[in-house]
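One chain, subunit A, appears in both complexes that follow, with subunit B as partner in the first and subunit C in the second.
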Partner chain A sequence: MSSPTTSEGALAIGEIRTGFVRHSTEVSLEEASAVLRLVPGEQVRHAGRPRAYAVSPAPLTGVDCAVPSARGRRVQGVGTVTSRATITGGRVLQVCSSATLVRSRAGYRLPWSHYLGRPGVVECLGRVDLRDAAAGFAEAEGGTRGIALGSIAEQVMDRVQGSPLLDGRLPLRAPRGSWRWAVEDGEPLFRFTVLRDGTRLVRLAVPGHGAADLLDLVEDLALHDWLLGTVETILGRAGLGSAPPDRTLRHVGPLVGHVLHHWMPAARIRPELVPLWDAVDRVHGLTRQWDALVARVRDQLALDTVAMLAGAAARRDGAAGPG
Partner chain B sequence: MTVPELDAKALTDRIRVERVPRSHLSLELGHLYMEDLLAGPDALRRYFAGIAPWAEFVRSRHAARRVSTCFMVDEYFSAVRKPADLIPELVEAAAAAGLTIDYLARESACADAGGVSPAELVLERVTPDPPPGTDGTRPPARASGWLTNSEGMARPHRPSEAMAAPRRWEPPRQNDVRLHSICLDVQLWSETDGGRLWSCAFLSAVWQLLRLGVLRDEGRAVVVPERWDGPYPAEWGDLPPVVRLAERAHPFTAYRTMTLLETRFADVEAAVRLILGQVAVDPVVRAQVAEQASREGVDVPDELVRRVAHVFTDDL
Partner chain C sequence: MLVIATSDKGGTGRSVTACNVAYRRALRGHDTCYLDFDFGSPTSGAIFGIAGIDHGVASGGLHRYLQGDVAEPERVDVWAASSRRSLRARPAATGRLVLFPGDLGGGEFTMDTDVLHRCVKLLVRLDEEFDHVIVDLSAGRSHAAEMLLTATADPELARRMEARWLVFHRWTRQHITAAAGLVHGKSGLVQFAAEHGHRKGSLLEAIRFVRTAVISPDDAAARGLQATQQTWLRRVNSDLNDRAIQLGLGRSFVISSIPLDPVLQWREQILTDADVYDNLANAGTVEAFSRLAEDIESGETWSRP
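What follows is the complex of A and B.
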């Protein structure tokens, strides 16, 4: 992809959607590559280790609308949004649509070919305050959001999910994960907000790292946060500990089969950024919660197994008893 | 203990995209309709004699640089003359005016280059010019078969409003208007019994992209010129998409193109430029061109359409 990079006076913003690939089994790397051919003629990149991972080429979407603002300012932005879809472990689909906001040199709208010459960049035609734009996009609940990056990401996601190569069957029902992020220049920053509807907002700045590196980090955080949320949702439905074992198993079985082994924090981020992942993890306790949930699933399965074995033994003894 | 710095490559399977050799300029000596080619050798000689001073001027401006020449035959819309008859006539008429045609292309190759359709590839690369107010909530209409630089001309009819009071006339508006609009709507294809018929403007835009060497199919170059030995065939389809006619010639693909045309083609080429202004180049190819150009000290604009120049001229 033509990666969004921050330079002097630039701000990268994006939205990420995370969900299961609509397919009853894990898709192979070859299948993932075929599903992710969003720009026919361009190639899909993929890696087999540390786990299967495929990245689509980056289709562009043209926009000419207001850019975000926490204070409700209206500044016109013109340019293109770039999207990428990834499939991790043959199971998890993520789409990120993003754009780098820069100040326009011209101050008026140029011929469209100018913007296609700078893919993934949106030029702001008025006086834009990039801090205000970052806050409006990735911190404030109100304010002007402007570019509908979430809609663009969802359109790309629907396009991937509509691939004739997928059978349309979800392995598990889980809500889509939704993240909005802003990568800024300047002093180190990591500000995380959770909205009432569950949307995660993150503003960050890491000197020496552009949006392309940090996108990998945010995408990985979004993936693991979504895995955690999915396991919690399913365990809630399963009525762990109170429901009959067969109901528990009906819910928990797919979790073991499809979800648990995808936990692999920081598997594809730059080594220098791993400490940042760890720091976020320490504060938000992703791994601690995950370990506790996984232990609970395993303990419950063990208990249910023991109970079922005991039940079976009792029925056998009862059947074989004196009559 | 010192831990070595790890160089993590996230993706093991790197993209491979074929590089193509490049001239500095691809100079097109003309593009004639089949009916022009029916006019006979004298008309062709007159045509090349008219073009020659311009070609000479361009060549002198590019002295010590690589310039290749090309000519496209329109055999997509009708193919009344056979390659065996026409090609020698063309070569001879050009030579009479002191010109060499290095490469000869078939227009139908822009639609079908044997196993791959360059036109389809270009269509996938179109990112439409958004009218003001476009925030991405709705995807741009893809299937319409038209491209526009403005709002209000190709506006869809809304059946639900058919019975409502007639709306006031609203003028169309160019998307990047400064003071006054120039609105263009360009048809890319029509549907016929025989399938999709690409428009002349769209195929000409594809032709420019082939000359700029920016199209790839899964990393492979889409059209590679081939030498033809022996007599030319009776059918155009038996020829490769682009034939190298000259013994020695600079590469077919180039950093920039220039096209010499009669003024009657101005409308078609305005449409070509509108289309090219809405085509996004594969980012890997874009980077390759930039790298090749900077190594050679050549200035190549980021804007695709600004790599494409036209000269319109009738009789001198």
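What follows is the complex of A and C.
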């Protein structure tokens, strides 16, 4: 796999999409490997511990587009975008499309063979301010985003979801989660913004860690943030505590069966980055909220069980009673 | 599930009913989206009360998406964007309600394999996040109708998404004949489906009729008709019933009868429960929308008698 790395004066940007695999059951590691074979002849990497995880090889997409800018500067970028699809726990599919922006030495567009030799690198033809580009991509709501990494990620995701190995019978539906991130060089930095449509923006710099390490971190954050949002939405529908037990069960059943056991923060990020995960978690309270939701589900199920048992007992007594 | 609303003639109340059904499904906690495929006159923006897109969006609507001009069609969150206060106050436990508007001055288009491919891709994509995808077609035979018939025969879509068709017609002689022609006619939907990869007879099982602007003779007295008029109405109604049965539009193929509602005649809009309390809308109409919203899913409606 070729992953973007930040070298001196470089900026890595990317978009992540998160959703459920379109399949009725969890896919096995073998199935996941077959589904993720996006590049002929290249291997899918996978691991079984601490939970099932498979990563696709990285297909490349050629781009010739505007470079993002918060101040509306117009700079052309040419190169390739690299994508990777992962399946976590046989249920959650994530696609990340990313590129490293560097200044072009030539200053004009070169033949494609030049760019194909630098997978995942987009060369900026003209004077580019990388801080401005990072802000335009992953902080400002306005500005020009230029490079359509989100569309590329969506397309790769559609391709995976369209695999004939997946039966399309989803046990539960959810909108795709959308994250835009920028990894910069320099002083430590973490800026997190949520847009009105729910898109998460994150700007990040951790001295000593390249984009590949930080991508794992951002991907893991995106996964858990999305899981939390999805569970929250579904529990909202279930009308916990107010709706009749069968409605609650209809919504909560699939959650217990397919979602709740996927919570495993920081399962596959570098140990040095775990404190950063924890810090984000402390501020945004992901785990606290998750624990509260899960406890609520269990308590409600217990309560419904008691109510149903009591109802059954009353019916039995009624039948055996007078007459 | 994919629900496709169509009609042979205009003015049947197809769009307003389909929008209300989408709204009722969302109220019941199902994630629902509404696709405005009435490219000639995309009015769903007005029905949902979304300012600025009364006749479609300026760029990036469904028409432009299918033509390949944009990578993804524009979405409008109805709960957030509607200018009607009663819609913006989204109750807890409701599903998402998302409108995919048409384009301003969209017009028809020619269907080629690229357009068809984009259509299938979009529907498969929406099935990932919505319980119900409601598509509103224009009146009459359109390229959009042919595109959907071809798309729903596509194996990638067919094995994942069940498609149901609602054919709207008013309760008049001309409308009954026209609706029968649209479905059973020589170049009707059933014929087209058979020629484009649908299993013989399968489309017919997926079609139900919606009678609109119906005046029941039993309600006629309440509307202040004279006895002679009531007798006449009864006779006409019974003739219409005979005609409908003859043309394959009999009771067992009807999923809903929507009563004539003056409010909807004057202004096509979403009828909320608050509108009924305010005596702006008839409880009967809202009840009919609500029942239709339930019946598009329930198995009984769709099993052959």
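Methods note: the second predicted complex is superposed on the first by the 323 of 323 C-alpha atoms of A that agree within 3 Å, B and C clash if a C-alpha of one lies under 4 Å from a C-alpha of the other, contacts with A are read in each partner's own complex, and residues count from 1 in each chain.
Keep in mind that, in the parts below, contacts are C-beta pairs under 8 Å (C-beta built on N, C-alpha and C of every residue); 3 or more make two chains touch, one makes a residue touch a chain.
Fair warning: this is a prediction, and the values are worked out from it, not measured in the lab.
Trainee: Look at where subunit B and subunit C land on subunit A after superposing the complexes, then choose clash or fit.
Mentor: With subunit A as the common anchor, subunit B and subunit C both fit in the superposed model.
Trainee: Quick one: is A:Ser151 in contact with subunit B, with subunit C, with both, or with neither? Answer first, second, both or neither.
Mentor: Touch partners of A:Ser151: subunit B and subunit C.
Trainee: Given the touch rule stated above, what does A:Val81 touch, subunit B (first), subunit C (second), both, or neither?
Mentor: Touch partner of A:Val81: subunit B, not subunit C.
Trainee: Using the touch definition from the top, say if A:Phe20 reaches subunit B (first), subunit C (second), both or neither.
Mentor: In the superposition, A:Phe20 touches subunit C alone.
Trainee: Check the residue A:Arg237 against both partner chains and state whether it touches subunit B (first), subunit C (second), both, or neither.
Mentor: A:Arg237 sits against subunit C, while subunit B stays out of touch.
Trainee: Check whether A:Gln161 is in contact with subunit B, with subunit C, with both or with neither, and answer first, second, both or neither.
Mentor: second
Trainee: Which partner, once the models are overlaid, touches more of subunit A's residues, subunit C or subunit B?
Mentor: Touching more residues of subunit A than the other partner does is B.
Trainee: Now for A:Arg169: first (subunit B), second (subunit C), both, or neither, which partner does it touch?
Mentor: Once the two structures are laid over each other on A, A:Arg169 reaches subunit C alone.
Trainee: Report for A:Leu301: first if it touches subunit B alone, second if subunit C alone, otherwise both or neither.
Mentor: Neither partner.
Trainee: For A:Leu116, decide between first (touching subunit B), second (touching subunit C), both and neither.
Mentor: first
Trainee: After superposing on chain A, what angle in degrees do the C-alpha centres of subunit B and subunit C form at the C-alpha centre of subunit A, to the nearest 10?
Mentor: Roughly 100 degrees separate the directions to subunit B and subunit C.
Trainee: Can you work out, in whole Å, how close the C-alpha atoms of subunit B and subunit C get once everything is superposed?
Mentor: Minimum C-alpha separation, subunit B to subunit C: 5 Å.
Trainee: Pick out the shared contact residues on subunit A: the ones touching subunit B in one complex and subunit C in the other.
Mentor: Comparing the two interfaces on subunit A, one with subunit B and one with subunit C, the shared residues are 148, 151.
Trainee: Spell out the residues on subunit A that touch subunit B in their complex, using ranges where they run on.
Mentor: The contact residues of subunit A facing subunit B are 1-2, 39-43, 45-49, 53, 55, 57-58, 60-66, 76, 78, 80-81, 97, 108-114, 116-119, 146-149, 151-152, 155, 216, 268, 270-271.
Trainee: Tell me, which parts of subunit A touch subunit C in their complex?
Mentor: It comes out as residues 19-20, 22, 148, 151, 154, 158, 161-162, 167-170, 173-176, 236-239, 243, 247, 251.
Trainee: Per the contact definition, I'd like the list of subunit B residues that touch subunit A in the complex.
Mentor: Per the stated touch rule, the residues are 5-6, 8, 10-17, 120-121, 124-125, 127-140, 149, 175-176, 178, 215-219, 276-284, 286, 301-306.
Trainee: Which of the residues in subunit C end up touching subunit A in this complex?
Mentor: Listed in rising order, the residues are 29, 31, 71-72, 92-96, 121, 124-125, 127-131, 156, 159-161.
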